[in-house]
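Have a look at the structure below, then the notes.
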């Protein structure tokens, strides 16, 4: 369970000793993610996706991002031919759920890999630097880290940065009904760097 | 959040100032329920229903039961033309999730109705006696209360009892690959009576 | 084709020489059921489920009940590794369709098993006592057997009892917007016992 | 219930006092049809479409044909702004189910219109000549009327003719892995004419 | 890309070295077709079927017709155990898209088979005479070839003829809210014969 | 029809005089996009989404990006309460289809708005600078503009940049099984700036 401000996400990792068809007999493993929100995680109740009969576009986009991010921080050959599914379920949401899911998902992944190492199923640690993510945006003209929900919905520019130690895995900056400059982008990236170092410290503490 | 043994269910109630089409202009309100399990609430990961694209038969059956049970314990005319949706999400499961969901769902309903009373939107308390449910079964020839998961899956006879004070709302007894007698049924009902009184005490404490 | 009052249900049994995946190489067979209503089986036309694109919750609940009930009355090991699917299609409905489906479904199952016995594919009769079901309820304060549709929709308490000879397989009692006492429950069970004996006589005659 | 050889189809007509959106306030009525087969209407059990979650292409094609055929034999303005839904459910199938459905569907439609005439809701009979249909094909080099199922599945050329009195409503001739000549087509049409006159006699008798 | 008047259809053929399950180890090949319309191929935008979540009845009917027609003009044994999928996507529509799809689909099929012959994978040409199709109808009392969209939507009688050289593969004549006589049908077939010979000349030129 | 290298995308804009529910009576318009690929636009045939019964996650993600990008370059209040749907259908794909769709989609949008201006339905041009997009990536260690398909599938880092004149609308950089540095990101952005100016010149020429 990761808590970033008032955003609480329950992250778990489940191991299966088989991989998707396209990796069979490749010697490589896989990490994938699923994401969901409880109907009442938000201020006003959302419709349950299972009852709507499909996952919305936003859900699909987010779970692809989480999976991609976690895969960038692991040596899939070193993992061996097994799959780890990381489930991220938002219990309470106040902005930045996808970033909290990536950061918390890495903790679940770290603990799952530790078990494999301890059991001797994997001999060399396949995980690289911790993967962590922060959201930031330009709100009322100012770059802001960790937008909460009211800020997020009014921010004209909204970004997510996923880092793996000093390296970048994913940069998404998106203007809704607005635009931004390269200078503003650089300011946001500086903020993100700072935010991520604090998260990494917390991740290492949680998995020590 | 209700915890019965190792079963943890998060129950919330959401109010809407409108009712389903069949009740419009009837002066009556409605209580409905939705139920879900997080993929990793069980020992081995279950498939996420939102990604499977539909709710399974078991989920539909359970959420109909929860809604029916809670409606039996409330005066829908007294509630007025509004709908309360009770969401029950299983965070961790070890048997008896439907009973925990009913018992915890009543607590969420009680708190939601208290708010309406306090705000003066409802003037007379529409809730009757507390609604609570227990599961029991015949395991290794013996009547047992609150089967945990290993017992539940081996029990030949499995029952759920929903009570509203001294009255019954729902009795379900079901033999899987087995049968039972009327005497056994009566023994289970005695057990259920006892189990429910303890739950009601806890419900009243939680909503005092 | 079973006719109980104005309820007519067409029941057929289809044999397949293979079982669902979870039973492969277990030496055990399986009995499953599907249930449907013709759109015009009721007074006003219902929407066709195939055109709605899915089976409703009620349909799923009923076909699970039919399957569970028939399985309780058969020795699945004695059946051998084969599956019998019982289809119950309501041609005309006037209350109690699920009970008529179970009672008629057993007749179809009996005839299918007779064929297997005659062909020598099964050597010992795997069927135990006949499985039959009745619905009853409390209508205008009185326990009533075999509610017809107008009674059923106004009854505050509604029950289904599935028996296999003197033993019980399933008891479902459910109050909609109402409650009931244990005494009332016992009265209904006495009524059910009487109703089932008449059905069993008819079943034995039909399969003699 | 129409029986043509061993093909039995249950046809019913349901009236609604409203029309599809595209006809609102047009003064015109509508006739539509739905078609289904019980899973065990055929020699080996078919999958239930409601459980498959959608109607197959063949079902959709057939119900469009039935609707189109019945509409060609009725004056929709004379019917007034109301809709008649004709349900055709195949109880037992042995070839030619779509033709039996059209022929029997017209009988159901005739009876429904008779009721409207009797009640004075419609003042002039909107039905034209009876609509009836026959299937025929070329089997073992010979034109044959009313192919039964074994003939149908081996026939290289397969045709359906829908007539309304002496006029044609629909001609479908289709070669599966084969071809045919104009002469053969004419021979089949002569056969169809003869077949339809017998059906019309039966229709008139059933609705007299 | 076939252009018939203002109707433009993009036809492609894709080869797979495997056949549907019912043909495995039969030595026979298969030809199947899929059909789609771009949302803006028509005057006013249609809803995209992928976003609606299913193919409409009309689409399913048309792609079955295309597949059936192309299969009638090929020796499936001669093709060998492989499958050719013909995709027909309507870029711009002005009536007669299904006929254009068949005629253009045959060109794509011809070119795909030529490749197989050239590569030596197939040794004898399995294609029979060219398969081509025309639509015609009775518009304002006159038989007309190649109805364009405004004619088509007002024509009371509407036909599609698929020919393979001098032989017929499929005849569909359908009256919407109208009827027709055998004489009219024969006139339309004469027109169709003439129309098809022009198409065949164009097909042979395109594949020479 | 926009052609960037061997990628061909057909873009059209359709106008409706109504807006989605959340904008009714707001005085604001809306721009949305749909995206599709013909099954044979790629080297090996892809499954048709309409026949699969849903749009894949990639399709949903792309059409959300196109809509968001085009909306950032238009004054929705100036457009007035109407909706423009931009359809982007990939006829032939060789990398960078989402960027080609945005760039071509803007041309379709420009032409549609020109019509509204000419008809006097909109009095002030609501479109800001042209919106154009390029893909680039790091391939074999080198920053490359407009990756073609073979490059794209091997590039460890892959980026999409959407610009509106000198301003940024969207930056997406994503590492698949790899990471990147801020310096590399800056190099890619310089490349993108250059690429976009060429596209804008072509856009202005096409809509002059």
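Per-chain numbering from 1; labels A, B, C, D, E and F assigned in written order.
Assume a contact is a pair of C-beta atoms (placed from the backbone, for glycine too) under 8 Å apart; a residue touches a chain by one contact, two chains touch by 3 or more.
By chain, UniProt protein names: A, B, C, D, E, F = Ribonuclease PH.
Note that the structure is a prediction, hence the values are computed from the model and not measured.
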| item | value |
| --- | --- |
| Minimum number of chain-to-chain touching steps separating chain A (Ribonuclease PH) from chain D (Ribonuclease PH) | 3 |
| From the options E-F, A-B or D-E, the pair that copies B-C, where over half of the contact pairs coincide | D-E |
| Cα-centroid distance, chain A (Ribonuclease PH) relative to chain E (Ribonuclease PH), in whole angstrom | 49 |
| Centroid distance [mean C-alpha coordinates] between chain F (Ribonuclease PH) and chain A (Ribonuclease PH), Å | 26 |
| Centre-to-centre distance between chain D (Ribonuclease PH) and chain C (Ribonuclease PH) (centres being mean Cα positions), rounded to whole Å | 34 |
| Per-residue overlap in chain D (Ribonuclease PH), given as positions that touch at least 2 other chains | 54 |
| Partner chain D (Ribonuclease PH), residues of chain E (Ribonuclease PH) touching it in the complex | 54, 57, 60-61, 64, 68, 71-72, 76, 164, 166-182, 185, 189 |
| Partner chain F (Ribonuclease PH), residues of chain E (Ribonuclease PH) touching it in the complex | 10, 12, 14, 34, 36, 38-40, 44-45, 48-55, 59, 85, 87, 89, 91 |
